[in-house]
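My structure is below; once you've seen it, I'll send some questions.
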Amino acid sequence: MFLTTAELINTISVLGTAAFAFSAVLAASEKKTDIFTVVVLGVITAVGGGSTRDVLLDVTVFWSEELYYVWIAVVSSLIGFICVSFLKKRWFHTINLYVDAIAIAMFAIQGTEKAWSLGFGLPLGPIMLGIITAVGGGVIRDVLIQRPTLLLSKELYAIPVALGCTLHATTLALLPQYTDVSAIVSIALVIYIRHLSISKQLAVPKWATLNPV
Amino acid sequence: MFLTTAELINTISVLGTAAFAFSAVLAASEKKTDIFTVVVLGVITAVGGGSTRDVLLDVTVFWSEELYYVWIAVVSSLIGFICVSFLKKRWFHTINLYVDAIAIAMFAIQGTEKAWSLGFGLPLGPIMLGIITAVGGGVIRDVLIQRPTLLLSKELYAIPVALGCTLHATTLALLPQYTDVSAIVSIALVIYIRHLSISKQLAVPKWATLNPV
Amino acid sequence: MFLTTAELINTISVLGTAAFAFSAVLAASEKKTDIFTVVVLGVITAVGGGSTRDVLLDVTVFWSEELYYVWIAVVSSLIGFICVSFLKKRWFHTINLYVDAIAIAMFAIQGTEKAWSLGFGLPLGPIMLGIITAVGGGVIRDVLIQRPTLLLSKELYAIPVALGCTLHATTLALLPQYTDVSAIVSIALVIYIRHLSISKQLAVPKWATLNPV
């Protein structure tokens, strides 16, 4: 009845990849575009962050060995293209934001751990690569459809990811015996802040904002 | 009198690289720019796609060993800069579109084969890398000069490339004994659809278009 | 009292990395942004060019082993965020432009030498990678905050870098016994042209400009 940890991780990976692709369909639907570009953007959003991480780590790009990520992104993008008006329904959009939140939280911590296990620029490197894993695909998507990237958005998206990666990297450095607990707490932290942003419109506090002059 | 296959491939490579550089000069000429930026954009357009492919494949970037691609791009960009009004003549522009079409067709199939021979994420990986080889340089060019990328264009440019790569990868997977025939048919398919787009204004069909709402 | 060559190089590296981060804070301050994005842009501007170079060279990304570059970029970005009005003071901005000029000159020549020592696409490859080392981070920064990239600016920024890299690569090819002298002369050339641009408003000459039509 209950999922094992491995099954849970796989389920989140699959649903999260679909959520990434759906977010790309929604972003693409702001412009006049076509089914092929929707699939391209869906795939890039889903695997662009992890690909950038693996290129920087100089390891094999993950999806060349776990191709189901690409298949899921392709199929989800096609479904999203056909059902774009469904994707825009308020309730579905909200569910997608939460699935996306859970996925970026998990991918961020996985990215941090991958870089940490390779000893890549400890301790800052794993934080940077965790952030890139989670939000890199979305940034490339935004650049390609020429809308302001999520880095310029007032929404709390990359910041909770950065906090989660920093918390986890700090634990890995100082209290390595608590790695498992730290992973769960860090993922929960990202999801919680995303939840506050999605449902309570929590935004970047004023002291942390830089206004143009 | 007739070219061998190797000579034909080399000729297309050289002419195609020049056509890529000329397309960059034309794109750059939409903005106020300078000779150096024209050369940079020409080189990036010519070798950016193949470089991205090689970085993802984790193999040596092709032009570090076949530097004549860069030389051709540099010289073509300089010629294009000097003769920009010539480049804009209708008949020359049309020839350049056809040379470009032949080149993206060939580079796409070559990219697909390179990834396939390395067993990179079969069968989807070679399709993705074939597309990246052919259109990646043009996408980076468009991002750098901040015009809507070719992915957002109504023109049939990346789509025929994707169809050709998909056809060739399908043959490699199911009928590997017909690799050579498939390469020729796939290249012809890309060129034919590009021809319909260039001379008959064939565009993305309505059912495949996503309209903004 | 006097610095050794190694100490001088380290000092320029540290100050230059800070100057890159400050330039990112200033660029970010054109938009409504936040402290996290400022740090991200500061780090990307500081290490993005060298990272791109190392990915193309297929060697370990430099900052994974010299992490102080990232620390300096993070701390400088935070200081810049807090003191943004200070950064905009005319005299500080001018000093920052000169530190930046010295840094891009040195990083460009270092990048050229790194690629040359690896025999990467001689002789054009080292020139390209020298340019990427020096200006790549700034170009990525501009793309991410969606302002016209420095490649489209009338300012002489990438051009002096290209001239310096070309001069140094030419010496490495033809007069390898004068490598040290060439490095100094090439760095001086970059700084001198940047100086003419900063203080005398020297711009791209008319014959080298391409006007939109």
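Going by the order they are written in, the chains are A, B and C; count residues from 1 in each one.
By definition in this document, a residue touches a chain if its C-beta (ideal position, glycine included) is under 8 Å from a C-beta of that chain, and two chains touch if they have at least 3 such contacts.
Everything numeric in this text was worked out from a predicted model, so none of it was measured.
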Between chain A and chain C, two touching copies, which fits better, same or different residues at the interface, with half of the numbers shared as the threshold?
different
Roughly how far apart in rotation are chain A and chain B when fitted on CA atoms, stated in degrees to the nearest 5?
120
Per the C-alpha centroid definition, the whole-Å distance linking chain A and chain C comes out as 31
So which stretches of chain B touch two or more other chains?
55, 58, 143, 146
Mind listing the chain A positions that touch chain C in their complex?
55-56, 58, 120-122, 124-125, 128, 131, 139, 143, 146, 148-149, 151-152, 154, 158-159, 162, 204, 208-213
Partner chain C, residues of chain B touching it in the complex:
28-38, 40-41, 43, 51, 55, 58, 60-61, 63-65, 67, 70-71, 74, 81, 84, 88, 143-146
